[in-house]
Each structure stands twice: as structure tokens, then as C-alpha cells.
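The same chain A turns up in both complexes below, where it pairs with chain B and then with chain C.
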Partner chain A sequence: MTAKPKRKVGVRARLAGLLIAPARRAMDLIDIPMHALQRRLGTGGVAAAMLAPNMLVFGVFVLFPMFLNVLYSFTGGGALFLNERVFVGTLQYETLLDCGSYADPATCREDRFWRAAGNTAFFVVIQVVALVIVSLMTALVLNREMRARGFWRAVFFFPVLLSPVVVALIWKWILQRNGVLNAMLVPLGIEPVLWLVERQWAMFWAIFVAIWAHLGFYTLILLAGLQAIPRDLYEAAEMDGTSRWRALTRITLPLLWPSLVVVILLALIRAVQVFDEVFVLTGGGPGTATLFLVQYIYETGLAQQVRNLGLASAASILMALVLIVLTLLQLLAAARRERRENR
Partner chain B sequence: MTGKMVLPAALAAMLGGSAFAQEPVELRFMWYSDGNEGEVIADLVSRFEEENPDIRVVLDNVAYAVIRDQLPVQLEAGQGPDLARVTTLKDLAPHWLDLRGLVEEPAYWEENFGNYLDWMRPEGSDIIPGYMTQLTVTGPFVNRTLFEQAGVELPGEGATWDEWAAAVNEVAADQGIPMPLAIDRSGHRFAGPAISMGAQFIADDGSPAIIDDGFKAMAERIAGWHEDGTMSPEIWGSVSGTTLRAANEEFANAQVVMYYSGSWQIGQFAETIGDAFDWAAVPNPCGPAACTGIPGGAGVVGIKYTEHPEEVARLMDWLASEPVLKEFYERTLFLPGHAGLTASGLEYQSDNPSVKESLDTFVRSVGQLAPLANRMPAWDWANIVYFATVSRLGQVVAGELSLEDAYRRIEEDVDQQIAEAQR
Partner chain C sequence: MSSIARFLTRRRGGRAWHFTDVLAWVWLLTGLVLMFGPVLWLGLSSFKTRAALTEFPPTLLPYETRMVDVEGFDEPLPLYRVTTEDGQKHRMVQVRRIGAVAQMADPDAPDEIVRVPLDAREPVRDLHLATENYSEPFERLDFLRYFYNSVFVTVVATVITLIVNSMAAFALAKYEFKGRTAVLGIILVTLMVPLSVIIIPLFSVINGLNLFNSLWGVILPTVATPTGVFLLRQYMLTIPDELLEAARMDHASEWRIYWRIVLPLAMPALAVLAIFSVMWRWNDFLWPLIVLSDRELYTIQVGLNSFQGQLNVQWHYVLAMTVVSLLPVVAIFAFLQRFITSGIASTGIK
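And now, the complex of A and B:
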């Protein structure tokens, strides 16, 4: 019978044990009241008690203001406090929805709301589609073996770290009459273009800047999704002689779908809420060419001489409804796809 | 005293001393700046604190947008600073502190600020809410160097808007300047020229009567000047809604031949332009009815929700006293809103001849204001009309609305705002 070899405990492990020991002691101490609490409340009760502070904060700072918003939308007058405001029923909603033809904002009583709604819809469709495609392409490129990969990933992520106001100011300096872009075009014999004053260009740059500013965030999510796909799937496909395009459509995209759903959902919500960058970049102009719903709500509720909080609240409720419907549709589509794949 | 006894005694003295020393009362003073007035008021306030060690003043230097957008919300909630420098003197008047029983000599305030107290009082009231940090008048500045280089004579006093438009176009064409004429994107700036064209704005009963031939004459010019290139869409057409867009930077960069703004720009131009080119304020161009700008200004008011009304009154008494106010106006290059100082005259602290000439021009223009222009700052609905005007004319410039549609929308917007205010 041979003697069992004695396990050698390394210095590093001992040191780690020493460092962890106080934490273990602390956890043991916490264990005492937790056991008492669990005996008293049961397992579910403890979970509820743990969640309660967070739910309280959520309730006070999110749910309660949302509830107040609904109440404000049924009131009128210039007063700030709800108890001093006049109940007007559905008047604010009727004002917003009073249109000869919804396709023509000029026929609507609150034409700026409908212009803002149209602009927002256009922005959401173009920006989200473009953002998802560009983010996906960027993630696919950054996922490949390449030189200075960390550097390139940082380059694409850098704009995410900037404040939206800074982003807008940088681009404003680039795009103004005497800005960098015109300074580059003039030597080529091209007349200076008023990029932020011509309607189509203003919308183009609003979308472009929004994509530039947020691209890194969505790329990062997709990159994480790509890295979670097992490499052996690609190796097997390669051995079977699968083309790159087929690998992309049959392996990458289906397995990336959960990440794509998250990206589309977040991009969609963020696009509907677009405000800060565009407000600083174009101020909603020229005219109302880049006026979006949140700016309309802000101006109606806060930047008028008589702050029309009722109308602004009603507009924000309508916007929230659209957002909820879009989110539900998105989630339904994702769930249906998942069910189909599981079958 | 032994060493053992000295330490406890010193500690006791320190503790006792601190217990009995009274903490100074803290006043929050919300302030915004266009030029150097933030530095000047900080200097004055620190002198006040030296003379009044029982009061500490925290000067909150904020952007004008905070005064315009956030202060009203704070006031509606019964909060806000102890005193503030504001331009919406009339609209927020219900929130001002009545200083009548608090200042040392109410008669001094009535005598020297009486002309402007109605601008900051609630309708029908006779309270003393504050004093004017500056009287302003809207009016044009010109880049005189460009006129000289183009060999175009500067239109003189009494020249019409159309004559000015022709002259600035000639200069711009000769000198390759992108903006012959720029007017701040503001209903307030539009109002003076519109009154010159014959606009009435106020009906006999005090309600708005906006769209008339005079208003249309100026609105048509704004639209026409954008079509023929006299005005660039970069100012009126570049933003949306009620957003103020000034052209001061473009003027300072010599991109504008004639810039219609107001007397508050003088201090800033003295710093930003300096002697880079010759500039000066010129008399308001004329229309068939007048050659007027619009008066206005900024004032310091006490906020009635303050917990320290007596200390607020002491600070305001000090700041509004003749020698202090004289120094303030002279250092900031502001037109005086104080009858005594207007009569005795000021020695503005600038060697720049453009500054002196511009101040003289604006002081003269105060005496030439149309009676209707003088009524506007005290009119309840003035800002509602200004906001609706700029919002809708901005859409005309951007090609979204016809002038006829804009007129209809302006009236609807004003009616809606008034209905909401009166609900």
C-alpha cells in the first residue's frame, strides 16, 4: 500500500484564503439575521423584502410620475400643481387628434404634433434599420482576427462615451457654413453647402449623427453575441465546403438572433425618444424638418409662454402607446420565431 | 495659568465663541450674462458682503435658457432663488416680492424706477418688485468697414427699411458677404419694425389684434428678403418653434453687413470685435408709421417665496443705490434704467469709439420710440404674440407655410395660449 501523496497548498492559495476569511466571517454574520428573517417570512417573503427598496424607488420615481402624467393629460390651464388645474376630460386628446387628413399635417389643428410624429416615424424606420445593419457589419469585421483589434474596437466605442451635447456640438462645427466639411469641399471647387439649413440634408445629418454616436454600443452587444457562437460550428461548416455567405445566413444570423432582438428593441425605443443630439444640432429646424415628438412635448410643456402641460402630457401618452405597441410586436415576433425553432 | 489649564480654556473659548457667533444669512441670487455683467455684479456683491458680514450672497451664474425655461417652473412650485435677474418681468410678476415696506426709501424707488415699475408689476398693482439692470432698445448695427470698402454711403436717419435693404445688398454683393441683413430670430425683434410699418398689435380692449396691414407688410418683407437673398435662412430658417437664434457671432465674424438686434450687444461686441473692424449702431429704419425699436430690459427682482425678505431688501437697496448702479451701468455699458442717472449722464468705461457712438445712438432712440412700442413691455400678451409670430414665420422661411396660412396659425396659437392661461 502506497502512501497518499500529500496535497501541496500553494502560497498564493493560502494568501487568497487569508484575504477571503474576513468576507466569509462577514457572510456568516449576515447569515444569522437572514435565517431569522426566512423563518419569519418564508423564502418568498425574504425575496419580496429584498426587492421592496428597489420597487419603492421604481414606484416613486417611475410609476408615480407616469400615473401623474396620465392625470395631467386630462387637465388644462397654466397652473403647475394638479389640484390647481382644471379638469377638461379628453379635450387635449381631441385637440391632438383633430385632423382633416392624418396624411397632411397642414389640415390638423395641432399641425406641429403631426409634423413631429411624421418626422419621428421616418427617423425611426431609417435610423433603426441603418443602425442595425451598420452595427452588424462593424461587429462582423471587429470579430475577425486582425491587427490592433482592441484599438479598432475602442475607436468605434469612443463616441458612446461622449455626452450627446458634445457629439452635437462637434458635428455642428463640422457642418456649419464655415465648418470643416465645407472647408474640405471648397478647394475641390464645390460651393459651400448649408448642411443644417437645407431640409433633406438636415434630416440626413440628424440620422447620421445619431448612428455615429450610438453605433459602438450596439456593436458591442452584437460582438458579445458573435463571440458566444461556438467556433466548431464554423469549422464543421468549412469542412463541408459551406460558403461564407451561407455560414452567415445559416449559422451566424440565427444564433445571433437573440442579441439582434435586444439591439433592435433598444434602438427602436431610443430612436422614438430622440431629442438631445438633434435639439442641439438642428434645433428641430429648418422649419419643422427635424422636429421630433420629444422636442414637441418639451416645447409645448416647458418652452411656451403659457406652459401647456395638459397637451404635452397627452402627446407623451400617445407616444408611449405607440412605443408599447412596437415593443409588444417585436417581442411577439421574437417569441414566435423561438417557438418555431424549438419545434 | 498652567499649561494644563490653558488648553481646555482655549477650547472652551473657541466652542463658546462659535456657539454664539451668528451664521450669516445666505441669499441665492440667480443671474445670467450677455457680456461682462457677471463679473461686475460678482465684484459688487463681494463688496456688499464686506460691508454686511451678516449676509452671504451666493451668485448662481446660469445660462439665459435656465432663466427663461427653468425659473418659471421653480416659481410655479413656490420655490426658486431669493432674487433673480430676469427679462420676463411682466409674465412672472405674481411671483415678485413687494419691497414697499422693506426698502429704506420707497420714494427713491418710485422716483427713479417709476417709469419701468409697470413692466414688472401684476396688472393693476402698485408694488415695488425690483429695479432695471439695463434698459434695452432693439435696433440695428452695421459693419461700417464693409460700407467704406464697397464705397456705399450709409443710409442716414429717416432711411426706410427698403432703402437699407438695397444698400446692404449692394455692399454684400461688392464685398462677397453671405448675409447682407440678419435679424435675430425673435418675435420681440420683429415687433419694432412691424410697428414702424403700422402694426397695431393691441386692440382697444387690450386683447391681441395681431394681423393687420402693418404686420403683413413686415412679414412679407421677411419672407421676400429670404427669397431674394437679403436674409440668409441660417438664422430664421435654421431652427424650429420659439427657439431664439441670434446672429451676433456671424456679425462679429464680419459675415453680416447689417444686424438687427439691440443695445445689449454693445458690451459683447466691444469684447469680441474690438477694433477688428468699424461697427456702430445706427438709427432704427423707418416704415410709413414710425422709425421705432422696442424697449425692454432686464431687471433684478426679489422672489416672494424667500425666507429672508429683509435681507433681500437690504441687498437690493444697496445694489439699486445711485453710486453702485452708476458704477454697474458704466462698467457694463448698459443703458440706464434709472431716472436720476439718465438725467445726470454716465461716463462709460470704454475707449472704443464704436461703443460710444452706439450708446449715443441707442440713448437717442429711446426718445424716438413709438407710443405703442413703449406699451409693449407692460402688455400681458406680448410674449405670447412674439412666440407665435416667430414660430410661424420661421415655417414660412423654411417653405412649410404660406404667409396666409402663417397668419391664420399665429392667431390660432395666440387664442389657444390665452384660452389656456385664462382657464
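And now, the complex of A and C:
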């Protein structure tokens, strides 16, 4: 009886050993140059050496492109590398912002950009409001005392792990003309609808699918915020005969506010960058009905026959400005929430 | 009756039902249908044959029309239940279909051909799992290739991410040096620059480094995740400095301290980062879409997208391969859900 579990542990340990042994030997080998470095430069040198790979990758693949992006947005022509490109000043920005009337994208020189910007703004507002309300409701429900809470949490959470392509394919399959949604509507006397071909419906489903996919993530953050609210506050309120509604508006929501701010800002940052799900679901169509900024940048700069890198860069700089403001606010809010929770 | 009702609605603690309880259950059950339903439908549909997938309205379970071998015909013929004009029911095979009329025959006497209107017959169907949807893409299409590419990208990127980020986190958590705040600031800035903003210049950098159309071009830009550095650093700050000092007393080199003391102690944080990294890289779409142009190099997500983008979508393959691409993620979720949820709740990363 006692031998069995022992052997099990042994196998696992041996397996782990097999995996770790080569890694250990490699690390011991690295120790030779690192030790030499330490003798010459001291511990500070080692710290710098350990930071170096990360900084190199950051530098080459994030900071340098960031810097390049600004330069690209002032150049024109079809060449890929900066040294072969022509400096055109602010021409790209002027092209993007050249509009007869900002209310009507048709009067703009780069009307696709304005349609994308308008669609993105619409998407961001509706999606974030709906997403925050739905996640808040779900978090409140999941925070109640109930059986199988883990199961219910998983129900709402699991789409977060699905890839955007998979999410889009699942819904595309449901929404197609012969799909299951139309099949459920026919017995109710509703004619089959081309969900992804009609403009308004395409936008609706883009928003719906984005909420479906991300709702669990925000619910989880809010749930953590709810669980940090001390129970005795509610007990005290109950003893005073406070109604549930009053407890919600006077205790729960004010104390949850820091988490809500984080959720709202995170959702905003993500919504501005909406791309994958909608790109696979609708391809930006019908026409430009669900064309969003990232898709505009991708298509203008990389996917078109004639690449317009300058224009795409200028558009991405404009988008980055919005994102930087939102991210700064989010970092502030997150720091504040952490401080409050640690108190 | 009323006692049964009372029994069914009895609650723990003897508290009465409140209308919010009802609302909560309505919310949960609607959620169950809306969240699980689509994935369940994907799973069921993926086992249907190509013909069954075009049916409208669709059946819930995968059925297939029974095919019968009939003497005198090379191919097996579909079997139908036919109601003749005098109300009798027969089992017949369809020989040919012309417009709204089918030529049908008794499988035992295939020479006598009867003309039957389409609405007077119903196919004989059996439950059948179209497993060929799963096997054929691996044999005939490049799917095995895509799968392999995705596994390669995910594993290599995750290993590099863990090593590179933990080294940086260790340096930032355990050493005082000039410019540490500056480095932390730079990492913070990179948090603000999502990939979607820098795709254009990053594309030219990748081209300049000759990494275009290579899996390394997909891997390298992703390995220095700012969230990963912060997550690990935060955790390493909780490791007491006395441990490191004691090791130094024993003449352990700094590298050995990192590798033998700090890394094993930071295992929980490393596990969280590893899980996240696997999910990120497995699910990445935009960047691989930009970098990879040869079909043999496609990752699973790009491959799936190219299948569904075709004019005539082969849904029977697309659905089955979607399920396959889900399996690793489902496995991670099933075994490591605790890590993921606590990771998100405590750091707000995704």
C-alpha cells in the first residue's frame, strides 16, 4: 500500500530531473563567463548583464520602432526602409485631417480613415458601457453565496482564453444564413436575416461578440474588488434595516469604484485597438460598416497592393496619442486601487 | 403539492426567497446558455458531414443519410423512407434526382425505377460522427504544419520570455544601480505602446533584420513583455535579501544566486507568466498575419483565418480544426484555472 504513492513521486521526480538536468548544466556553463564578469565589473556589472537581453529586445522591437514610427509619419513614397524614403513634412497628417466637414466622412480626402475613426469611436462608447454594465452585473451575481460558485465563474470566464480567431469563427458559424440563430427564429415567424451582411446588424454583432469574449476578464477584476469589501459592513447595514438597494448604492458601488475605474480604462484601451475578432468575423464589412482603426492601419500600410507606410504611420500616431492618455490614467488608477487595498 | 414546492424552494439557512435571488438565477442560466451554447454548437457541428452542414434548419446531433450498396451501381446510394400515394411506406434508394422529382428504386429490385416527388420521402438517417473532418485536414491540408508552427512559436517564445524576463526582474528587484528608475520608466513606457500602434515600423525592422517570413520574426518581438517583468519583479521583491546575503557569504556567484535561489523561490510567479505566455502566443493573430507570408509557415490562427476567408468556406474542416486549436487552451484551463484567475485578479494583466 505504501509503495505505490512512493513510486509515483519517484517517476515524477525523475521526469523533472530529466528536464531540469540539461538546463542546470547549461546554467552552470553560463556561470563561468558570468563569474568572470563579476570579478571584473563587480555585482553591478552582473546586474547590467542580466538586464541586457531584455533591454535589447525592448530597444530593437519596441523603443526603436516607436521612434521610427514618428519619422515614418513625416515621409512619403513606396520604399520600405527609412533611408530610401522622401521627407514630406506634415503632408500625411494634412491628408488624414483634410475634411470638408468633420461630421461627414464622405467629404474627407482620406474618407476610409474617418469612417474607421467614426466606427471605432462608436464601437468604443457602446462596447465599453455595455461591457462594464454586464461585467458588473455578473460580478455582483457571482459574489453572492451560492453552490458551485467555481463552476459559474468558469462559465463566464472561459471565452477569455479562446483566441480571437476561434471566437469569431464560432459566431460566424452561428450567424451565417443557414446558421442556428436563423433556424431558431424561423419557428417564431421571423425571416432569416443576413446578420453579417446588413450594416447595422454587423456592427451589433461586432460589439456583441467583443463583449462575449472579454466579459469574463473584467468580471474577474470586479469580483476581486467585491471580495475585498469587508463583510461586516453589510452585516451592520442589515442590522440597521438597510434595504438591499441602498446597501448596493451606498456600500458596494462606492467601495468598488477604484476597481471600476481600472476596468473602464482597461476596457477603453482594449476597445480602441479592436481588430482580430471583427476582422475575422466581418472583414470590416459590409463596405466599411465595421472597419476599425487598426484594420485601417494594417490595410493602408501593409496589406494593400501599394503600401502607404507614411499614411498608416501618421494614423497610428494619432491612435497612439489617445492610447497614451488612457494608459497614463489607467496606471494612475491601478496604483490608487492598490494603495487603497493595501491600507 | 404545496409541500413539494416548499421543499424545492427551501434554502440553506432557512432564508426566504428575495426577488434578487430570482434575478440572479435568471442571469446565471442565461449566461450558461449564451456562453456555453456557442462552443457546444461548434463541437456538435464539427462532427457533421459536409452535406449535413448545409442543411437548414440544422439538426442538433450529427446525422448522416444511410448509404446502401445496390447491385448494378458502382457507388452506394442514399436510402429513403418513401410514402406512396396510397399511403404505404417503403424503403427505397435514390438513383437519380431530376428537379423536384427523384428516380427511386427498391434496393432488392433495382431495375424497377419509380418516380417520387421530393416531399414524399424522408432520408433514413443514423447518428454518425464525421471523424474524417478531423483526420483529413491533417493528411491532405497543411494543418499538421500549422500545428507544428504554433507549437514551436509557443514553446520557444515562452521559454525565452521566462528566462529573459526573470533575469531582468531579478536585476531590477535585487540590485541598486544607477539608472534603475530610468529602466523601470522605459519598461513602463513600453506598456503604453501596444503592438497595434507600431506594426508599420516594426514590419520594417523585421525586414531589416531579415526576419520577415520566418517564425523567429513572430517570436522575438514578443519575448520582452513588460507585464512579465513587473509581475516577476513584484514577486522577487518579497524574497528576503538575507537569503542572498547568506549565499554570498558562501561565495556563491550572483548568477548562481539567481539560478539556484531566486528562480526556485519565484516558481509561483514564473508559473503564472508561463501560462499567460502560452496563451498569448498560441492565440496571437495580427503579428503572425503580418510576418508570415508562406503558407508552410502559418501558425494555426493564421491558417484558420485563411481557410475561412476562402470564397467557398469548407466549414466541415474549419469547424473541426477550430476545435483542435482549442484543445491546448482547454487543457490549460482545466488544470490551471486557479493560477490564471488569481493571476488576473491580482495583476490586472491579460
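In this section, the second predicted complex is superposed on the first by the 264 of 343 C-alpha atoms of A that agree within 3 Å, B and C clash if a C-alpha of one lies under 4 Å from a C-alpha of the other, contacts with A are read in each partner's own complex, and residues count from 1 in each chain.
Just so it is clear, contacts are C-beta pairs under 8 Å (C-beta built on N, C-alpha and C of every residue); 3 or more make two chains touch, one makes a residue touch a chain.
Remember, it's a predicted structure, so these values are computed and weren't measured experimentally.
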Practice prompt. May I ask you to decide whether A:Leu226 touches chain B, chain C, both, or neither, giving the answer as first, second, both or neither?
Written response: neither
Worksheet item: Just chain B (first), just chain C (second), both, or neither: which does A:Met203 touch?
Response: neither
Fill in: Dominant contact partner of chain A by residue count, chain C or chain B
C
Worksheet item: Is A:Leu161 in contact with chain B, with chain C, with both, or with neither (first, second, both, neither)?
Response: second
Discussion item. Just to be sure I read the superposition right, which of the two partners does A:Leu302 touch: chain B = first, chain C = second, or both, or neither?
Written reply: both
Fill in: Which of chain B and chain C A:Thr282 touches, first, second, both or neither
first
Fill in: chain B versus chain C as contact partner of A:Leu80, first or second or both or neither
both
Item to complete: Tell me which partner A:Ile174 touches in the superposition: chain B (first), chain C (second), both or neither.
Response: second
Worksheet item: Shared contact residues on chain A for chain B and chain C?
Response: 80-81, 178, 283, 302
Response to the item:
chain B residues touching chain A in their complex are 68-69, 72-73, 76-77, 91, 178, 233-234, 237-243, 245, 253, 255, 383-384, 387, 394-395, 397-401, 405, 409, 412, 416-418, 420-421, 423
Worksheet, complete the sentence: Contacts from chain C onto chain A in the complex sit at residues 18, 20, 24, 27-28, 31-32, 34-36, 38-39, 41-42, 45, 54-58, 163-165, 167-168, 170-172, 174-175, 177, 183, 186-194, 196-205, 207-209, 220-221, 223-224, 226, 229, 253-256, 258-259, 279, 282-283, 285-286, 290, 301, 304-305, 308-309, 315, 318-319, 322, 325-326, 329-330, 332-333, 337, 340-341, 344-346, 348, 350
Item to complete: Report the residues of chain A in contact with chain C in the complex, numbered from low to high.
Response: 27, 30-31, 34-35, 38, 43-44, 46-48, 50-51, 53-55, 57-58, 60-66, 68-69, 72, 80-82, 137-138, 141, 144, 146, 152-166, 169-174, 178-180, 182-183, 186, 212, 217, 220-221, 223-224, 244, 262, 266, 269, 273, 275-276, 280, 283, 294, 297-298, 301-302, 309, 312-313, 316, 319-320, 323-324, 327-328, 331, 334
Worksheet item: Which of the residues in chain A come into contact with chain B in the complex?
Response: 76-81, 86, 88, 106, 109, 111-112, 115, 177-178, 194, 196-197, 199, 282-291, 295, 299, 302-308, 310
